[in-house]
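Here chain A shows up in two complexes: once beside chain B, once beside chain C.
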Partner chain A sequence: MMKTGIPTLDDHLHGGVPQGKSLVYYAHPGVECNVFGMQTVHRAVSEGGHGIYVTSSTDPRMIRDQFKEFGWDAAEYGDRFVIVDGFSGLIGADSPEQYVVSNPDDIESLTQSIKQAMEGAYEPSVIVFESLSTIMDLCGEDETLDAIKEWNKYAMLYDHVVVYNFTAWPYSEDTLAHVKGDICNSVILIGGITEKVIFGQYFGVKKIDWDEITKKCVLFKVLKPGGIRVYLPKILVTGPFDAGKSTFVHALSTRAVSVDRLGTTVALDHGHVDHRGFAADIFGTPGQQRFDPIVKLLSGEAMGIFLILDSANTDDFVRARQMLDITETVGLPVVVVANKQDIAGALTPEEIRKELKMTNDIPVMPAVASSREGVFEAFDVMVERVLEANSR
Partner chain B sequence: MTYNLGISRIDDLIGGIKGGTNIMMIGPPMSGKDDITNIIAYHGLINKNAAVIVSTREPGNNVLDWFESRDLSIPPDHIGIVDCVTRTLGFGAPDTENIKMASSPVDLTGIGVKISQFFERFWMEMQVKETRLCINSLSTILMYSNLQTVFRFLHVFTGRIKAANALGVYVIEDGMHDDKTIVTLKQLFDGMIEIKGDDDGYQMRVAGLSPKPTPWFEYEIDGVNIILRG
Partner chain C sequence: MTTSEMLGKVLSDLGRIGEVEACAIATRDGLLMEANMSTRGDPETFVAMSATMLGAAETATSELEKGIPKRVIVEADDGKLICMGAGPKALVVAMTAPEVGLGLVLVELAKAAEKVEKLLS
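Now for the complex of A and B:
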């Protein structure tokens, strides 16, 4: 199996892409697609494998720069990373690459270079096409479809995995149906959430022919550096006054801001989390009763809730339950964070569960937010819960 | 939602351009199309519109310099430039607040992504709903990609302009393409800014945005103003 390196995608593919199989990242126009192929080849090469990158619309030097923007240094890959240059020939530029397509608008010329690169690979590799749609634009739709069949067959002989980035411009219905349907072993749909403009991006498995398909879509963001991150647009952090909500938001975030007065949150805390392939925007509420209307406002469209408690202050537990009710987010994943575990008299997570009369399906996670202890473990559990809830 | 071009007499004659309009600007080389495009963008910016300029001939920094050198009091964060040139020159410049790099004029996928990112930023983060998209120029894109490819690209993005109630201006060189190319592309646009003339002087008119075309006007570019004569 060759892992794609895209967070959560390998789980949906049941471990990755088997050797000799093909995958197409099928993207709507205007949605980021190329980074999927780049991240996939980066993953393969950084794990000690070999990668071939077929460029069609970008100077190979710029390809290496693009990798660098994501924090992936192609120079470190050495000769395990090879570029088939299908661009320089278009603009009549010289190319220092080992494999250069002399006539990028001639599919035979392209096929010849690709086959040479496949034969020249030391061992089963991943071959990523920067832009199948550009090849289609240059060489023709039918010609390209025929060539894909040939490339896939050839790759199968050498146990290579072939990955295509494809932007679904308004080609003929037949062409789109083939790309989306029968020409590759798997199809990952990459789309945009659109209301007047595209304001969010998602991916999901459309087809795999080696196992059962789990049809669910995942929101994502592209970070530089970092690459693709599964994205949770809104996680609420609530709890009684002085439970440590702001401390928790700041401890978890790569960047955060609080609207507070004399150290007490009076409007909200906002933080952006980037952790182990997941990105999230988290919103902390005020804890004082007089700000309850704000809590309700902030909770709209949340995907999950952290309920932060001061583990030693049992007097506030009733208020904690009350705040959970105010959010009016019944059914959403809740993770209770038993904060301030380091102070005298702190109850254990199990004792807190009993006090709160919470069922076993709600995780209670021990933490000391001031020293960032336990905060990322709580976040991991939240991510797991949110993904689980979305797959139902 | 209506837009203007910032060319007062023509704006008066056509009576405002409704949101979602796509305009082709066609004219001979050296007739000042780059300036006219920037001036149309500028007149949006002074009215708190946002502007996305796709530059296929000039590096993004030069386009930005055009606005900065004129010392215009416009909100700089309302300008987005998709630079299709710098990376083809072999410079690995990173994206900045105002300039996003496309790999080359062939990279229509990348150009489309960068346009969408600017629209998302203006619409969702900055809540600026009136946006102008200027592509300068389609002729360069047509040098690298065939008509059908460019048509498909424009089909998607003229549609997005309509959906977003934005204004699209697409520049094309007169005399560089055959009639079939122009006729094919014309189908996608609601109106045209036509430019004709020679070194002795140029004239412009607008067609398709009012019941009948405006008269031809001789014009002169003076800073950020287009002065019409006649």
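Now for the complex of A and C:
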């Protein structure tokens, strides 16, 4: 199995792409697509594998710069990373690359170079096409479709994995149907959401022929450096006064800001989390009753809620339940964080569950936010819940 | 053109009047939709704070039965910030240099807000 390196996608593919199979990143115009192929080849090479990158619309030097922008240094990969240069020939430039396509607008010439690269690889590799759409524009749609079949067959022979970046410009219906349908072993759809108020980008598995499809679409965001992250645009952190909400937001975040006066949050805490392939924006609400209108304002469109509690302060538990009601987010995943586990008189998570009269399906996670204990465990549970809730 | 691109156009038009240094469109509850702020700061945090500011101002005035404010203007030593509702779902926020007269900016911002409201309805 060859991992794609895209967070959660390898799970959806049941472990990755089997050797000898092909995959298309099928993107709607206007959505970032090339980074998918780049991240996949980076993953393979950084794990000690071999990668071949077929460039068609970008100068190989620029390609290396693009990798660098994500924090991936192609020079470190040495000869395990090879570029098939299908660009320099277009502008008549010299190329220092090992494989250079002499006539990039002639499919035969391209096929020849690709076959050479496939034969020349020491071991099964990942071959990523920077832009299948550019090849179609240069060589023609039908010619390219025929060539893909040939490349895939050849890759199968050598146990290579082939990955195509494809942007669905208005080609003929037939062409799009083939790319989306029968021509490759798996298809990952990459699209944008514009109907709703949130503007986001998502990906999801459209087809795999080696296992069952799990129909899950996840939102993603591209970080520089970093690459693709599964993205949760809004996770709410709420709870009674002095439960440690701001501390929790800061403990979890790579960077965060707070609007607090005299130690009390008066507007909100806002933080970015980047953890194990997941990125999230975290909104912490004020806890005191007089700020309730702000809590209501901030809670719209949240994907999940952390309810933070001071484990020793049972008097505030009624208020905690009340705050959940204020957020008007019935049905969203809730994770209760039993904070301040280190102080005297702290109840255990189970005691807290009983005290709050929470059902068993709501997780209660122990934490000490001030020393970051348990905060990422709580975040992991939240991510799991949110993904589950959105796959239904 | 997608809605996102259309909102982007509204912002680039707004940015074209010289006084506006940065601007953004966000949901009322503080999620970024589009930003045009070059390398200045962190747009997600900027719009989250703007939404809170506008929401807090609206709550404050309506508590006193003075109606909904037309806009919130913040004057700082190094710049001015204007935040304006754009229909029930969205808001527009713009930043200018400190010495700028606000007349033209306010007119253009109101126009932008109206366009955003229509684009999202």
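By our rule, the second predicted complex is superposed on the first by the 388 of 392 C-alpha atoms of A that agree within 3 Å, B and C clash if a C-alpha of one lies under 4 Å from a C-alpha of the other, contacts with A are read in each partner's own complex, and residues count from 1 in each chain.
Definition applied: contacts are C-beta pairs under 8 Å (C-beta built on N, C-alpha and C of every residue); 3 or more make two chains touch, one makes a residue touch a chain.
Predicted, not measured: the structure shown is a model, and the values here were computed from it.
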Room on chain A for both chain B and chain C (clash or fit): clash
Touched partner set for A:G71, first chain B, second chain C, both or neither: neither
Chain B versus chain C as contact partner of A:N34, first or second or both or neither: first
Which of chain B and chain C A:S133 touches, first, second, both or neither: first
Touched partner set for A:I294, first chain B, second chain C, both or neither: second
Partner chain(s) touched by A:D281 [first = chain B, second = chain C, both, neither]: second
Partner chain(s) touched by A:G192 [first = chain B, second = chain C, both, neither]: both
First (chain B), second (chain C), both or neither touched by A:I91: first
Touch count on chain A, higher of chain B and chain C: B
Touching partner for A:M62 - first (chain B), second (chain C), both, neither: first
Shared contact residues on chain A - chain B and chain C: 30, 192, 194, 197-199
Footprint of chain B on chain A - complex, ascending: 27, 29-34, 56-59, 61-62, 65-66, 68-69, 87, 90-91, 131, 133-134, 137-138, 165, 167, 169-171, 192, 194, 196-199, 224
Residue ranges of chain A touching chain C (in the complex, touch as defined): 30, 192, 194, 197-199, 233-234, 255, 257, 259, 267-268, 270, 272, 281, 283, 293-294, 297-301
Chain C to chain A touching residues, read off their complex: 2-5, 27-31, 33-34, 42, 44-45, 48-49, 51-53, 55-56, 59, 89-90, 120
List of chain B residues in touch with chain A within their complex: 87-88, 90, 92, 94-95, 103-104, 106-110, 112-113, 115-116, 119-120, 123-124, 144-146, 148-149, 152-153, 155-156, 160, 163-165
